[in-house]
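My questions will all concern the structure given below.
Residue numbering begins at 1 within each chain, and the chains themselves are lettered A, B, C, D and E in the order written.
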Amino acid sequence: MSDQFLFAAEVTLNGLMSGVLYALVALGFVLIYKASGIFNYAQGVMALFAAMTLVGIMDGQVPFSHLINAIFGTEIHHFGWHLPGLLAILLTMVVMAGLAWCVQQFVMRHLIGQAPIILFMATIGLAYLLEGVADLMWGSEIRKLDVGLPQGINETIDSVTYGMFGYGFFIDNLDIVATVIAALLVIALVIFSQYTKQGRAMRAVADDHQAALSVGISLNFIWVMVWSVAGFVALVAGIMWGTKSGVQFSLSLIALKALPVLMLGGFTSIPGAIVGGLIIGVGEKLFDFMFGPMLGGATENWFAYVLALLFLVFRPQGLFGDRIIERV
Amino acid sequence: DLTIVDTSYRTGPYAANGIPFSDGYQDYFTLLNERDGGIGGEHINIVECETGYNTEKGVECYEGTKGDEPLVYEPLSTGITYQLIPKVTADGFPMHTLGYGRTSAKNGAVFRNIFNYPANYWDGASVAIEHILDQEGGDIKGKKIALVYHNSAYGKEPIRTLEELAKKHGYELSLLPVDHPGQEQKSQWLQIRREKPDYVIMWGWGVMNQVAIQEAVNIRYPMDHFIGIWWSGSENDVLPAGKGANGYKALTFHNIGSDYPVYDDMRKYVVEAGKAAGAGDQLGTTLYNRGMYAAMLAAEAIKTAQQIAGTSKITPAQMRDGMEALEMTEEKMAALGLPHFGPAFKVTCENHGGDGYAAVTQWDADAGAYKMITGYMQSDQEVLAPLIEEDSMAYAKENGITPGCN
Amino acid sequence: MFYREAGDFKTSYLEDNQTFPIRFDRYRYYAVLAVAFLVVPFIINDYWANAILLPFLIYGIASIGLNVLTGYCGQVSLGTGGFMAVGAYACYKLMTAFPEVSMFIHVILAGGITAVVGVLFGLPSLRIKGFYLAVATLAAQFFLVWLFNRVPWFYNYSASGQISAPERSVFGVLITGPNAPSWATYLFCLIFLTLAGIIARNLTRGTVGRSWMAIRDMDIAAEIIGVNPLRAKMTAFAVSSFFVGIAGALFFSIYLGAVEVGEAFGIQKSFLVLFMVIIGGLGSIFGSLAGAAFLVVLPVVLKLIGVDILGWPTDIVAHFQLVIVGALIITFLVLEPHGIAQLWRVIKEKLRLWPFPH
Amino acid sequence: MLDAGSTRETLLEVNNIEVIYNHVILVLKGVSLNVPKGGITALLGGNGAGKTTTLKAISNLLQSERGEVTKGTIRYRGEVVQASDPADLVRKGVIQVMEGRHCFEHLTVEENLLTGYYTRNTGKAEMMRDLDKVYTYFPRLKERRRSQAGYTSGGEQQMVAIGRALMSRPETILLDEPSMGLAPQLVEQIFEIVKDLNEKEGLTFLLAEQNTNVALRYAHYGYILESGRVVMDGPAAELRENPDVKEFYLGVSEEGRKSFRDVRSYRRRKRWLS
Amino acid sequence: MLDQAEGFVTADGRKIGGVVMEMKNITLRFGGVVAIKDISFDIREGEIRAIIGPNGAGKSSMLNVISGFYTPSEGEVWFRGKKRPPMRPYEVARQGIARTFQNIALFDGMSVLDNVMTGRLTQMKAGLFSQALWKGRAEKEEIANREMVERVIDFLEIQHIRKTPVSRLPYGLKKRVELARALAAQPKLLLLDEPMAGMNVEEKEDMCRFILDVNDEFGTTIALIEHDMGVVMDLSDRVVVMDYGKKIGDGPPDEVRSNPDVIDAYLGVAHD
């Protein structure tokens, strides 16, 4: 086999893996969209917040220490403990559930039955707020996140492929972990939303808040639940991306990577997020590989969007999205 | 009182870099105030203005502070710099861009109010090649060098220089742009893995740095062949990659570490007195040092200006003259408690950019610190000077400026 | 009875159709215009112009533009930044290619060019709807920014890829570059904003406006009623991009003077303008202005209070600013989901009934 | 006997409520109702009289329309329910079938019906039994069970909405215009179902209906609403005989039912109030 | 009595003209669902044509075919003696076909007046520039059309809510506004989908009055779907009965009423 071909294969494989990472972020969007018809602009910031909280808890950082010190002139910074990753993750999940409760209590509850664009706006407000709170709480420094996930080239694949083709494939261990986790998440979420009572209720809520209320579905409960799950997904995404690049503000920008995935897969489809992610991942990597040099590179940012756009022209609801009901 | 404006960014995507720089910048002035009672008896009044690395907020900061007659602006953002170049020139304020901003501002005959000593991007590019030349025993013909750069005006700065130098030294340059913010660089690094360039030079900022270094570790690129510009050389950039980042190199135009007499004073008069601008935990980090260095250069310029003007209460215009007459010598730095902290240079009207000396540092993961591994090397003036001439003259023509030193 | 409309009778449909049918409103509107044109230019200083008024005026134009598209025609767009960039680069190319031609013409032409580009990127809206469309417009955003970054012709091959506005004047008064007096730049932008407001208002109360709103409220029914969706959507994209392009041109040439495309016209800009439109009130010209004012002025005010009055560290103030802006947005929405404009309407209705509760 | 049936016990009591939309629009101006346990109570009135608003006020759905009850109380079994969550109310046994169908468009017909089972925890077998029951009431739904509700016809959606409410085995059903858009055969059928449930299972109904004719035939007691006020109430039989009701709501005058073609001259409705 | 080419005269002396619209063997499928199976019928100039049938019979779908929103899977639509090529709904509207919808489809964000004005969009021709400046043609046109619309508003007695946002209106009034919007278009053929659903007798009487008046005064041809048999029998000149997508009856009301198939499938008991 030619080198060029092998390399293209490697690029494709890595594209698939990046796609999985995008999909992890997209999943959070899908969940909330499915449960309330809200396009949750704050999803990226939630990932950031979750990751910062996780690191903060692991390192025993005192929340709001900077603020406290500034006001009271104290000098507190650390509790002086170091928690193991798993415990910290559990605690972070509790925090995210608390966040979900707050969102429900202070935002969503008051906006039942409003138009999607207004709910979207509310999540923008939430994004601002959360970003500010995250900064106040944990500071803006870059921190290393290490919950013990393996990272770096996978030796086995490298050597096996080397043996087979004379060219060792590069696959990042972290990506493999991400793929496994994403697969588990997707399976669990699909089962949940498609086959359980709560899942059905969740989809009902997305269609019509009022009618859902009228049949006795408690929006409060559904939303706290869904936002908690979305918070958890955000945490997972935050861990993966945070492990790659350190925990810092830019984590909130990964949302931009998830949007074309969302479009392609369909806003309402959980498997769509994964398939969309894979297509976008491979698409942008291959495109950059083949045409990047010709176009001067850095095509990834727009290519994903243009691909998704072209695709939508043929299928306006994305690959697996619910059919957009057009009736009179 | 003399006013200094610190246009800082402690929020937004680049906060992690903005904070230590601003801390260092302010702390140094605080030190002078506390220890020496200011400069020439004048208390230094620091006005901080948050820009969030956003040009519009930068403009607002400028407009909001210019009434205070600040002596110098140090925006720490290439975008804001471009914004302010015409404005400060029209309003008569000097602006210092320390190792960033518009490279051709080195030509003081055109850019009367802009200073970018002691080194600029093109110097950086040249010194990086210089270092590679050293490593390779002076011959890099046919070697492959890749530039991984932030796809913005900032990142594109070195391309022209590197291309010129490629003609001279015969290496092959390949360009790998990374779009903002740079969270995803798989394709760039797979390409590097395939093409196996002998050296990788990086022009990054923010998260792009961390991801690039992590990816380099992942593909097991030899870290000592990976050289970042000084804005890709902070502790923040290597920490997330952990041990793997050991050996990563970055340029610098000032010294690193906190092993200087001035730091004792800094701890005593500023940190322990509770007067630090930040948490006081950044002393000795690369960016803190850079901020402090910028402040020190400003303070020295103020002194120079005071001497020239014969008054301690100088105006921005006098400050400009002071900056143009600034001379940094070893003795001066030693006297300040910062021996060998940066290269010695002398500013003139024709040369607002210093002599282009820079050094290479290397990350030692075990020690958790950068180490200087070379002395200060000068950039290839032969190649750079015409480039600067060309670019600044183009600017002069476009804006109807008659270059001249009086 | 602070606010009265009783006794204000209309005797012709022409009168009933005017922009401010209520006399009280009309007078207030004239008063505001008079102050803006006749008083402000004399008392303006650099800080007010550059930190508050220019951004307000320019964002005002942009958000009127976006409101036409999103608020009136229901097509959510996140490509505003990209379209502003088109306006800016068009203006730059025109300014440098035809230095003698008046800036007025350049700015309007820049708007026209943007309108064409807008229509091009608006075509998918015939198939794609709702948030799908919103995300799809990001394609325009990213592609345009990439293009301007990539093709040196757009920035006249300058080394850094930045564009900077050469000095140009209108009727002998400098209006670009650092030496332009602030009253001139202010007036220049104000004229455009006023025109934009009037044109947008005329369009939205007439035939096109109604076909836009019909498409927004129920596109299928609208088509069955006889609205040509292609025409309605494309005119909305054209008009909207026209305004956005003008805003981009002014933003670059008058306000900033030099821009780097990725930073000045990045995705953040798209979001910012969208926020303005939504906070101000979808489907309201006044709302566009209110939203722009809110998001331009609020941070400045918060900073003033936090840093200058309370003396807090700038970073804490900046973080609090985020928290407060976020909380305010949410509070506003909870109080009144349809934005400042609607809030204003409700207040008016209450005033009309005052002192009776309803 | 149709006109008896109800017991003395008041299940739902609406006491002089006032409803304001959007902080400024006063819609209900003091409405009081009593719904006796085990009865069928009809709420009649012209367009915009406030029937829907009254029902939404009871089931606490006003909030999402930016309306609020500003005065008066609503009690269910003596307990004030104004502040409670609509979901709690469903758990207490009050369910509303909303006007204009409000199906979950993206769910299939069957899934729509199953959402009605949300508040119950009595197991899958029970659920299937109830589902079958709904299907026997509405065989048409069984045929379309796998279709997305958004694509079913208007009448089918109405059946879904009613069936969905039945799935929750309520004690009280608030029916808002159940006959709207249904074929005549089906209207009768639905009222037969109502009657059936009322007599056999003792369900209580409060129904807002424009089809006065049918409504008064099945109801025990009726209230007539006009611009936000109750203008008349009484046992259904009495109302049926009232000449005003006859003329304006039943369309029969002394000469008997007249053809729609013959109502040549416009008549202004006689208002009881205002 | 039916003379195919010439039309006929009704009992109360109205003259019904020739065929305006003819549906020939229309079949409409959605995936597996067959909503309409091979149905043919015609609508004559000036008549009131009712379509009735049980729920889900395909009545609304039929209107959608007429107004161009659905393209029939098979069959042809003839309008004014010409076979209609496939066209977009707005082109159909421009040919003079207006309609109302079963699930009210008003433009919620607009006032009643604006809603009714949209009915006149097909007639307004002013260019963008003229509108932007609110001068010349745009202004004249606006006023002329406003006058026409005000007549419709008067006619339907909705003056008092002229400036109210439609979202605040009660159901019945919304239906009336929809009718106003359709009438504003001055259609040749008016399609009404359950215009009287959710109304009480008095309101129905009003509505019937309006419909009859439109038919009388402007000679507008009307096709109407309605479940109230009283209304259908009293108003319509001819009735088509559909059941499960098939046509099971077609003729004058009396004839249809006594058709055993119709009684079986739809009416239940013979109606009076």
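The rule we apply is simple: a residue touches a chain if its C-beta (ideal position, glycine included) is under 8 Å from a C-beta of that chain, and two chains touch if they have at least 3 such contacts.
Since the structure is predicted, the reported quantities are computational estimates derived from the model, not experimental observations.
Visitor: Would you mind naming the chains that touch subunit B and likewise touch subunit D?
Guide: Touches both subunit B and subunit D: A, C.
Visitor: If every chain is reduced to the average of its C-alpha atoms, which one ends up farthest from subunit A?
Guide: Centre of mass proxy via C-alpha means gives E as farthest from subunit A.
Visitor: Between subunit C and subunit D, what is the gap in Å from one C-alpha centre to the other?
Guide: 47
Visitor: From the mean C-alpha coordinate of subunit C to that of subunit E, what's the distance rounded to whole Å?
Guide: Roughly 42 Å separates the two chain centres.
Visitor: Using CA atom averages as chain centres, what separation in Å is found between subunit A and subunit B?
Guide: About 35 Å separates the centre of subunit A from that of subunit B.
Visitor: If you average the CA atoms of subunit A and of subunit C, how many Å lie between those two points?
Guide: 32
Visitor: Scan subunit D for residues touching two or more other chains and write them down.
Guide: In subunit D, the residues touching two or more other chains are 25, 151.
Visitor: Find every residue in subunit C that makes contact with two or more other chains and list them.
Guide: 146, 149, 220-221, 224, 313, 315, 319, 322
Visitor: Could you list which residues of subunit B touch at least two other chains?
Guide: 10-11, 15, 19, 151, 179, in rising order.
Visitor: Show me, using the given definition of touch, all chain pairs that touch one another.
Guide: Every touching chain pair, ordered by label, is A-B, A-C, A-D, A-E, B-C, C-D, C-E, D-E.
Visitor: What residues on subunit D touch subunit A, complex-wise?
Guide: Residues in contact with subunit A: 59-61, 63-65, 85-91, 95-98, 102-107, 111-112, 114-119, 148, 150-151, 164-165, 168.
Visitor: In the complex of these two chains, what residues of subunit C are touching subunit E?
Guide: Against subunit E, the touching part of subunit C is residues 12-14, 17, 199, 202-203, 206-208, 210-211, 213-214, 216-218, 220-229, 235, 239, 283.
Visitor: State the interface residues of subunit C toward subunit A in the complex, per the touch definition above.
Guide: Residue positions touching the partner: 70, 76, 124, 127-132, 134-136, 138-139, 141-143, 146, 149-150, 220-221, 224, 267, 271, 275, 278-279, 282, 312-313, 315-316, 319-330, 333-334, 337-338.
Visitor: Under the touch definition given earlier, write down the residues of subunit E that touch subunit A in their complex.
Guide: Those in contact with subunit A are residues 64, 69, 101-103, 105.
Visitor: For the complex, give me every residue of subunit C touching subunit B.
Guide: Residues 46-47, 50-51, 55, 146, 149, 158-162, 164, 166-167, 177-179, 255-260, 262-264, 266, 299-300, 303, 307, 313-315, 317-319, 322.
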